[in-house]
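The two complexes that follow have chain A in common; it is paired with chain B in the first and with chain C in the second.
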Partner chain A sequence: MSKRGEGVEQSGEHRIPAKRSAVWRSLNDPAVLARCIDGCQSLERLGEDAFTATVRAKVGPVRATFQVALKLTDMRPPESYVLHADVKGAGAGFGKGSAEVTLAETEDGTTLLRYSVAGRVGGKLAQIGSRLIDSTARKMADDFFSAFHQALDPAANRQQSANPP
Partner chain B sequence: MNPFNYHKPSTLAEAVALHRDAEDPAYLSGGHTLLPTMTQRLAAPSDLIDLEGLAELTGIAAEDGTLSIGAFTRHAEAAASAEVAGTLPALAELAEGIGDAQVRNRGTIGGSLANSDPAADYPAAVLALNAVIHTDRRQIAADDYFRGLFETALEEGEIITRIDFAIPSRAAYEKFPNPASRYATAGVMVADFNGTVRVGVTGAGPCGCRAHAFEAALSAHLDPAALDAAELPAIDFNSDLHASAEYRAHLVRVLAQRATARLVAAP
Partner chain C sequence: MSAETGIGAAVKRREDLRFITGRGTYTDDLNVPGQTYGVFLRSPYARAKINAIDAADALQVDGALAVFTGQDAAVDGLGDLPCGWLVKSKDGSDMVSAPHPPLAVSQVNYVGEPYGLVVAESLAAAREAAELVAADFEELTPVVAAAEAAKASPIHEGLEANLAYDWELGDEAATDAALAAAAHVTRLDLTNNRLIPNAIEPRAALATFDPTSGEYELRTTSQNPHLERLVLSAFVQIAPEHKLRVVAPDVGGGFGSKIFVYAEETVVTWAAAKVGRPIKWTAERSESFLADAHARDHVTHAELGLDEAGRFTALKVRTTANLGAYLSLFGSSVPTFLYGTLLAGQYKTPNIHVQTHGVYTNTTPVDAYRGAGRPEATFVVERIVEAAARETGRDPAELRRLNMIEPGDFPYETPVALVYDTGNYQASLDRALQLVDYGGFKQRRAASEAEGKRRGIGFSCYIEACGLAPSQLAIQLGAGVGLYESGEIRINPTGSVTVFTGSHSHGQGHETTFAQVVSDKLGVPFDDVEVVHGDTGRVEFGLGTYGSRSLAVGGSALISAADKIIAKGTRIAAHMMQAEPDNVAFEEGAFISGNQRLTLQEVAFASYVPADYPPDLEPGLSEKAFYDPENFTYPAGAHIAEVEVDEATGVVQLVNFVAVDDFGHVINPMIVDGQVHGGLAQGAGQALLEHGIYDADGQLTTGSYMDYCMPRADDVPDFTVDTTVTPCTHNPLGAKGCGEAGAIGSPAAIINAVTDAVGTEDIAMPATPEQVWRKLHGL
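On to the complex of A and B.
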């Protein structure tokens, strides 16, 4: 990992209203992930444990398109994996980081998802946005998990299938 | 900077139509956030629509308990305005404390509110002074306006035309400026409306917010000590290289107490 750039650390937990096996499947499903990443223009599986995505990020005045390479390691289905991301924006900067994701079954049949991210952001993005990197990272994580929650909520899904598009 | 088309509409309707028809447009107000972002190529709008000179966006007037400020009013104009100084001196002081002279001579109140930077000063005043944000299509109450980090109630292409501030009996603004940028590491405005107190906070979380428990405590007893044990707003406090979340939370209470102390000491 590069020594340059601004450090980002982030952790949190979310209760997902679905069985652990379903949460695990969705976390490995490009279609679900693409729906949950704000600004995701494409997301393709490159192999069993690798994805590539194009994401158009929109934060305040910034509008930049990033190429994201994702790799999964330390797979222990359906309990945990480590997600490594390598982010490049044409001229805008770069980011690199990894997230440990663990899924725990709870007594009421829902799943507790815990994550902890460590990474660095560099290039112009870090210069112009250094005072905002942490809050931006938190917002992106919150947006992702609320969309992911929505995608796996049985109540929301029933409604969806009752009203086909 | 990438090439773009520059437009200088002469009416509000023309500006909105240009925005609707362009591929990837952006409105240009003071440009003190947008232009640096464009020179860094972190934004590359296809069309810039300059809002300067639109009659619908200019003017400052005070009547019937309301101070109305046109969206294109630059910070320096608000700071120097006799109407603002006469009715809402705390707002004039806030405007005078934004950024540096260059920022104040270019930046506008409408641009600042549309951008909704978490560390901007005006959000504290908009919330404390129960402002109404007028746009080309509707009116938005202050409490409905700020939604999150750089997120507001504004729709795509919507333009703020003016901001109507309720004139309080008295008000005071205190901020802890970043020493380099003068952005608010945290900032608090306390406004007293005949005994009902409103408290607007900026810089502390993802966007401006009210401190409801502070308001209740001060409405019951208008004294800095009333805030010693009052609950902080339930927000995700920002943490960055300038200040930790804990420090910002501490600042919010201290600044609210300082603002209250000034407010009660004022003649």
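On to the complex of A and C.
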């Protein structure tokens, strides 16, 4: 029993070209988050520490619309927080996890974001997607941070406002 | 009768013309006017409370017609899915049955358990609507590992424990005493890996309801449509039998997994009346992985005592059998009566005791799958015998021979409740040793070693109890139904023959074999015989196909029916020839008296156009019979496997496999060879590749072909198969059954070869490269 599928564990770090306070603000800004999450159809703030989102995503052969409930705890602005996610995808199954996120100021004025995620999946995601979960999670994180990076990059921002989507 | 088509002829399968030209008609090929589509809502959790199910958004989908929940079914009084075999614990109490509603009502107990059905105008709309059903689950802690289940808190509300039964067979005190006195005791811990059946055709159902007549018709992938009807009528109470027709059209493989009455066809039939439209459901492959009954999943400790001379004195077996979350239709009988009774194997072991703990876990229910209990029993007996030979420095073939029941010992009563009617185990072992060239093994081993590979050889001298089953005995032991079979033979007015059988073909080739039997027996041309099966509207009754029973029981029913045809025909012919019936003989399709001769065709015509006809005889020439076997049949044989193990990679290659089987009389040797080949491939799958794995949360992580490894052509060698024959003593065909033997005998032979090559007994199925590599490197 239980040789595999013990869950998702992942960590990483990204250098964001913005001041820590700006990064913190953006991480708490539904509009920014919605723009950075691939397939995000809606994202709303439910309160100081909670969001709800609808995300269309694909994990291996499983493609579904997921209802995501996000809750923030252990908030230490602008240094760190823990993000809890509860993801439900009807027939596609579910995911649960939390991410510890820390923001560190660097000498060159940028911010180093570190995260470490632990989670697990169930239903079809575990059944036919288990061996793809890690790579998919990695890709989702990379996509998010590259979009987030761009959203906070002053140069990219200027370009974006000049060419509205 | 014709040597080309009669009993013993390798007639090509007539059904293959439609199968290999794409003209088979499977359930999903059928479409009816007004048809709608069903999609099941399945639990993503191994164990959870259902707090609420909100279908409002789902019903807004264009084309969505209805969403049914377990609550709806309960309100309509839909009965639970029953377990058909009542097993008693050793203290005499009945097994503990967890209620099994077709749709979960308040709690789900395994990943994939259905809790709702969405019906829509199209499959796409049904899927879309299913995505929008919002179910609020409250996750509960699951119990996953069988070994810990008995001690864990009960998964079902209202049950005191996860132990369904504590069953035993044999004399425990005598067995313990014999073990204590043994010169040598071999001890072995074994697991029998969970398997997931993989019929090529997934399960499907198409249900219709006619409100004007109140008649239901269910077309479904079933191995036994009459039993399906019986259960849906008597237990689930959808409709009385005369208002419910069940048709199993072409069925693409079953291996046991289509015996059982499942939630899906039950719910679809009930719902067809609710929506007033036909509903079709066809499983996706990923559903099949979760929702088809799984197989095996035993944990066993066994002890075998030997005297100084190497004679077995006692066998003690302790098994925990994972039954899954609910008792499937025959799930209770598999690790008990189909398992413990076979632990004598081919040997004269005088003392045997077996104890089986059947436990509930939050996993897919486990039930019969090709072999059903007998592969598990064979694995225990043949692994421990091989280990005992190694421990005591005896040749494994000779240790077996020393302990075998001898031809003069039959009928032989075992200490575990069976009476073997006949056999010659030495003959099949001798033939197998000859075919494998046992004497040349050392040289082959040296040749393999020269190529950096270890070579091992392993034996398995199996026995099985087939031809299920003598009804009175089975019912006495807890079976809920008789296990006879029906057969009907209609000689049509112009002499062609229509045969109706209650057994069912889903790959076995009955349309050919049964036609051979009837054509041979009645002396009519093979092409004049048509076989009808799989339809409660056309066949009076039947109990379907499983346990290698079709020929031994269903074929015997046809012999009885043919005897009645001949008896009546003799009276008609005697009247026509103005002879005494006693003076009329039936030979090669003709009634003969002196120099007068009337063919069966002529007599049949006279029976339907009764101009010159016995006044006390009814017209027509159609007879039916029910055949209830006196005893099980006991196919047995010797399987020998040779493997090469690559030391660098741990890869096991099955390089040679010899199977010598005694199936009694063989009707069609080509079909028998095919059955053996298929069974051997499945056995190789269990031994080397297949493994259903749940993680600690009860999630099935081997739920697709990316992770569940089925055997392919290049995983098996060119099998060498042969037969020896001791005819079954109690059925008119002398046939024993061949469907399961390959899957029963081969896993033990293969693992015995792998353990021989690697040099440790501690190798579990499947012997994956990773595991074997670790053992080779002492890890």
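Assume the second predicted complex is superposed on the first by the 152 of 165 C-alpha atoms of A that agree within 3 Å, B and C clash if a C-alpha of one lies under 4 Å from a C-alpha of the other, contacts with A are read in each partner's own complex, and residues count from 1 in each chain.
Everything that follows uses one rule, which is that a residue touches a chain if its C-beta (ideal position, glycine included) is under 8 Å from a C-beta of that chain, and two chains touch if they have at least 3 such contacts.
All of these numbers come straight from a predicted model, not from anything done at the bench.
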{"item": "Contacts of A:Lys124 with chain B and chain C, given as first, second, both or neither", "value": "both"}
{"item": "Touched partner set for A:Gly97, first chain B, second chain C, both or neither", "value": "neither"}
{"item": "Touching partner for A:Asp134 - first (chain B), second (chain C), both, neither", "value": "first"}
{"item": "Which superposed partner A:Pro78 touches (first chain B, second chain C, both, neither)", "value": "neither"}
{"item": "Shared contact residues on chain A - chain B and chain C", "value": "6, 64, 91, 124, 127-128, 130-131"}
{"item": "Footprint of chain B on chain A - complex, ascending", "value": "6, 59-64, 91-92, 124-125, 127-128, 130-136, 138-139"}
{"item": "Chain C-facing residues of chain A, complex", "value": "1-6, 64-65, 90-91, 93-94, 120-124, 126-128, 130-131"}
{"item": "Chain C - residues contacting chain A, complex", "value": "41-46, 111, 127, 130-135, 144-145, 286, 289-290, 693-697, 699-701, 703-704, 706-707"}
{"item": "Chain A contact footprint on chain B (complex, rising order)", "value": "24, 33-34, 36-37, 40-45, 115-119, 148-150, 178, 183, 206, 236, 238-242"}
